[in-house]
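These are the structures in question, set out in turn.
Same chain, two partners: chain A is paired with chain B first, then with chain C.
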Partner chain A sequence: MGTSKKSSRQRWFFIFILPSLFLFTISIIIPVIQGFILTLTNWDGIQKSYDFVGFKNYITLFQDELFYNALINTLKFTLGVAIFQNVFGLLLAVLLNKSSRVNNFFRTIFFMPAVLSVVLAGFIWTYVYSDGIPALYDMLNLKFTSSPLGNPDMAMIALIIIQLWLCTGTTMVIYIAGLQSIPEDIYESAKVDGANHLQSFFKITLPMLGPAITINFVLVVKQAMMVFDLVFVTTSGGPGHCTDVLSTYLWETTFTNNQAGYGSSMSFIFLLILIIMAMLQLKFFRKREVEM
Partner chain B sequence: MEGKRIHLSKILPCIITIILAIVTIWPFYITVLMAFKTPRETFQSFYGLPKVFRLDNFINAWKITNFSLAFKNSFIVTMVSLVFIVLATSMAGYAIARSNKKFYNFIYVLFVSGMMVPFQVIMIPLYKMGRKFGLVNNRWGIILIYICLGVHLAVFLYTGFVKGIPKELEEAATIDGASTPQIFFKVVFPLLKPITMTILVLDTMWIWNDFFLPLLFLQDTKIRTLPLTQFYFYGKYNTQMNLAFAAFILAMIPILIFYFAMQKYIVKGIVAGAVKG
Partner chain C sequence: MKKKILVLILIVMVMVTSCIGCGKKNDESVTSKKGDTTSNKEEQPKVTLKMTHFKAEATEGINKIIEAFNEEYPNIEINVDLLEWGNYDTILKTKFASNEIIDIICLKEGDLLNKYGKAGYLADLTDKTFMDNIQDVAVKASATDGKNYAVPVDNSPIAVFYNKKIFKDKGFEIPKTYSELMSIAKQLKEEGTAGFALGYKDEWPLSMFQSRAAVDVLYLQGQPEWGKNYLDGKTTFADTPEWKTVIAQCKDFYTYGNDDPLGVDYNKALDMFAAGDAAMIFQGLWILPEIEKRNPEFFNNDLGIFPYPATEDPSDVKLEATGDFVIAAGAESTHLDEAMKFLEFMTTKEAAKIWTDNIKTISAVKDSSLSFAPCLADIEPYFNNGQIYDAQPYLSQLSGNWDGQITKYIIEYLIDRKTVDEVLEAQDKFMQRTLNN
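And then the complex of A and B:
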């Protein structure tokens, strides 16, 4: 009796997992395998026939200057976003940590952009840059030349600012959760020992926030490395490939230049880069967490 | 001296907060301002308030973007996807958490590693498969893909949550002769409500705002979702900015209402999703 009940339970478990396993298989496992096979072909994405070319796509990729350009731009974007989103996120979290009606109001404001679609945010900011800032400069009697999004030296910074506007609220929320897990009496005893605000921030808050910092960096880096919508709707990689990131260059290669095989090989290198970055970060931060 | 210092340390955080808040609000302010003004008023004074709050821009934007249709499309896609994601993954999470067989652990690891795969890697094969099975330009096609792509995070969150629920209740129900599906749907599923809420809000924001997948799969104007409608509308009307901004506001309203109503759950969801992901 007992065993038959147990085996019936196991049977049900198997039935329970089947739908998810099926969905996962058709959407991830099979496409990843097919995608890898495509990297070995010269498929243009349209015609039915294609030839196998071995690892030629990968060799071409390592000689493709626009690929390196996209990679460097992605890293620039990621670095800027990772640093400032964490600095501002942590700053806001510290400022608004205490739960009060005023603080909750401000938290609501800072998180608000995070719920918008990136498409809308991109369009609104395009206009802010092209007309909003010039109008502000006008009021202050300053000269303003043109939208930073069209300026090769400024476009990347302009994009980073939009991303910060969009996502800092999320980082803030995670830091607030981290701050609230630090017991209040540690600060009390530090105060008794004569520590000032800055000292207790660097000696207590930062070390105790270790896990939250790790999480935020890993999340922000992943998000920034994969940025697509924002660049696509604001600059589409321009001016002159200045803001081309990996995902937009990949899109261009695949759908504009009809090089699906080549695009696939780029996507696998992209995956490899993401995995390496995630592992490096985890190693770096976990080590520091233990030391502290 | 001492009095002044305390004063400054109290005032400074307030000033920083307010400045950052103004910068954050600024684009919203321009959006609202533009939507109510005529091109002439904008030309005369960019930051000035309109003399009368006209709704003309909104009415025109509603008509041109066919807002009710785009809203309906987004609503159907989001809702149907959510129902199936929750149904499929809660069962899977339960099975993984309660079975001690190695096979389930292996599947769990498989799902977790799936979270690393960027969409670009599977994009081309998925599109190819979609075209083969008639899923392109088909509402049910994109819903199926959302369900598929929503599986791994949800299974992951459900598994973690079920592991934290004591087994006693289920054991008592077993003794009473309940079958496994009965136990799951009557006893366990109601207990999963907090994590179900988390998954619902996270996936709502993801699917509602998603742009990439509709861009690939929904070209037919009749089934376009809100972000895609906005994208094509802006491409056509970016010379009539007052109209465009009224359309932006229309598109923002549903998700902002959702945000103000569900803020607590959204914040909880972000933290839960982050800590585990």
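And then the complex of A and C:
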């Protein structure tokens, strides 16, 4: 009697999973396999036929200086965004933690860019940089030399600023949720013991925010590594290759240069990089969480 | 138990519904008529053709041509899909890859046309009689490996447009050598007006310039098969000093052009030129409607054109009149006859006149008029004296994105990130990677 009930429940579990498993297989597993087969060919994306070339694409990839350029740019972008988005997000969360009308108003304002389409934001900021800020400088009688998006040294910074503007709101919201889950009495007992604000922040708040920090870093890093529409719409990797990131270089290789097979191999290596980064991050942050 | 079954049914329904939503609808482009069992009857069955194009400024003109076409063929309806040029290639590729049938496809002469022609997506037009209505130069220049896969519609001279008023005020003559052009630009820049309007934030104006300069100083100066030689391994970018000349010319334009050329895009550059903040711009005839929109007085009175003098020899100066917009029929179209009828209509003088009146580029149809813009009087003599050349046979010797890539490297040189030698080396390396694929 007992075993048949258990196996019948297991059967039901399996049946319930079936639809999702089916969707997962046809929309993710099968395309990934097809994509991997593509990486072994020299398909150009248009011709109806192609040849198999083995692992030549991967060998070419490791000698491609533009790939490394894109990788470094992506890492630069990710580093800048990851650090500043979390710092600003946490700062804003701490400032706007208490629920008050003023705080709620500011929380909304800071979160609003997150609901904008990235393409729209890119267009708006292009004009802010090229027309808006110069006009502002003009009013203050200062000379604004050039749009940072056309300036090779400033372009990446300009892009990081746009990304921060877009996404800090989301980080802030997650941190606020984390802050509100910390019980008040811990702070009170710390005050009784003579801790000041800074000490209670570093010894109580930060450790107890462990899970929120983990989630935020993983999400922010993933989003920054995969950035495409922002770069594409504002600079398309330019000027020259200064702001080329992995996804824009991938796009250029596959579609503009007509190298679909080569581009596929690049996307697989990209996938590998993302997986490794996610695993490393989770390991690092989870370890810190447990310690707290 | 009942609840579990109910939930299971709901899940399956959701799954099925989402699958339906993901499906592609292909029947917009296929025939829609009813009752066509006997198509040999006199009454013409209604046919719907699907057409894609990318030239936003031509939308109105194309609609007018279709209206005129429908007066002769009222049963053939054409649905026009305007796609953005920047993504046109990608979108076409996606459509073809998913076996979507497009009956009439508009393309640009050159690499775009060649690759789809070679891949077999376009109907072969080489032996069609209506191709005789098109200028011979255009028919020959737009052929892919000897076969014609599209009807040339216009050709767009690419030259230096200039502000006649500024030239008159400063006492400049039309330059016939490169150094004359540069001394004009230098003086203008020193006196506060930009010599050239450069919209290099969009990379294509620079790409267009360097490729035309290359044709002028390399292909036309004794190496007409340079591209073919490159593919045969007989030469490289780094070994060809004429490329250094091309890059040096890019640098001169950069120096005497407007401030912040990499931050100014194509539209802003047109604004500057139309407003008189820049005296010259290296572009094609497609800017005419844009200039007219921005400053009609300038367009009618002070806009002039002269061919780009790339060398020191005045007799080298010829107008580049390269085929631009072409129109093709999809090889897999289920209504090939009707599509061909439209292509034939595009070669008539009637269609040519509608085109030139509305879109203001020079029609490739034989004996069509040049009087649709005052500045064209400047270049009419070049057409009449045969001092024109089509750059396409030279530009399409190297396929793929070689010009987009070298443009990026040239930009890196202009911002002092690479030396000229590094640019050419990097370009050779890039070509190795893409050609060996």
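The working rule: the second predicted complex is superposed on the first by the 273 of 292 C-alpha atoms of A that agree within 3 Å, B and C clash if a C-alpha of one lies under 4 Å from a C-alpha of the other, contacts with A are read in each partner's own complex, and residues count from 1 in each chain.
Everything that follows uses one rule, which is that a residue touches a chain if its C-beta (ideal position, glycine included) is under 8 Å from a C-beta of that chain, and two chains touch if they have at least 3 such contacts.
Just so it is clear, the model here is predicted, and its values are computed rather than measured.
**Student:** Check chain A with both chain B and chain C modelled on it and let me know: fit or clash.
**Tutor:** Clash - chain B and chain C, as placed by superposing on chain A, overlap.
**Student:** Name the contact category of A:151: first (chain B only), second (chain C only), both, or neither.
**Tutor:** Second partner only, chain C.
**Student:** A:23 contacts which: chain B (first), chain C (second), both, neither?
**Tutor:** both
**Student:** First (chain B), second (chain C), both or neither: which does A:137 touch?
**Tutor:** neither
**Student:** Applying the touch criterion given at the start, work out whether A:47 contacts chain B, chain C, both or neither, answering first, second, both or neither.
**Tutor:** Only chain C; A:47 stays clear of chain B.
**Student:** After superposing on the shared chain, does chain C or chain B touch more chain A residues?
**Tutor:** Of chain B and chain C, the partner in contact with more residues of chain A is B.
**Student:** For A:12, decide between first (touching chain B), second (touching chain C), both and neither.
**Tutor:** So A:12 meets both chain B and chain C here.
**Student:** Name the contact category of A:64: first (chain B only), second (chain C only), both, or neither.
**Tutor:** After superposition on chain A, A:64 lies in contact with chain C alone.
**Student:** Contacts for A:256 in the overlay, against chain B (first) and chain C (second): which applies, first, second, both or neither?
**Tutor:** A:256 sits against chain C, while chain B stays out of touch.
**Student:** Just chain B (first), just chain C (second), both, or neither: which does A:55 touch?
**Tutor:** Touch partners of A:55: none, neither chain B nor chain C.
**Student:** For A:202, is the partner it touches chain B (first), chain C (second), both, or none of the two (neither)?
**Tutor:** After superposition on chain A, A:202 lies in contact with neither partner.
**Student:** Identify the overlap between the chain B-contacting and the chain C-contacting residues of chain A.
**Tutor:** 12, 16, 19, 23, 45
**Student:** For the complex, give me every residue of chain A touching chain B.
**Tutor:** Its residues touching chain B are 5, 8-10, 12-14, 16-17, 19-21, 23-24, 26-32, 34-35, 38, 45, 88, 91-92, 95-96, 106, 108-113, 115-121, 123-125, 127-128, 131-132, 135-136, 138-139, 165, 170, 173-174, 177, 197, 215-216, 219, 226, 228-229, 232-233, 246-247, 250, 254, 260, 263-264, 267-268, 270-271, 274-275, 278.
**Student:** Touching residues of chain A toward chain C in the complex: what are they?
**Tutor:** Interface residues on the chain A side: 12, 15-16, 19, 22-23, 42, 44-48, 60, 64-66, 129-130, 145-147, 149-152, 236-242, 252, 255-259, 261-262.
**Student:** For the complex, give me every residue of chain B touching chain A.
**Tutor:** Residues of chain B touching chain A: 9, 13, 16-17, 20-21, 23-28, 30-31, 34, 46-47, 87-89, 91-92, 94-96, 98-99, 101, 104, 107, 110-111, 114, 116-126, 128-129, 145, 147-149, 151-152, 155, 174, 179-181, 184, 205, 208-212, 226-227, 230-231, 234, 241, 244-245, 248, 251-252, 255-256, 258-260, 263, 266-267, 270-271, 274-275, 277.
**Student:** Of all residues in chain C, which touch chain A in the complex?
**Tutor:** Interface residues on the chain C side: 4, 7-8, 11-12, 14-15, 18, 89-90, 93, 96-97, 115-116, 118-120, 200-201, 203, 259-265, 268, 400-401, 404-405, 408-409, 411-412, 415, 417-418, 426, 429-430, 433-434, 437.
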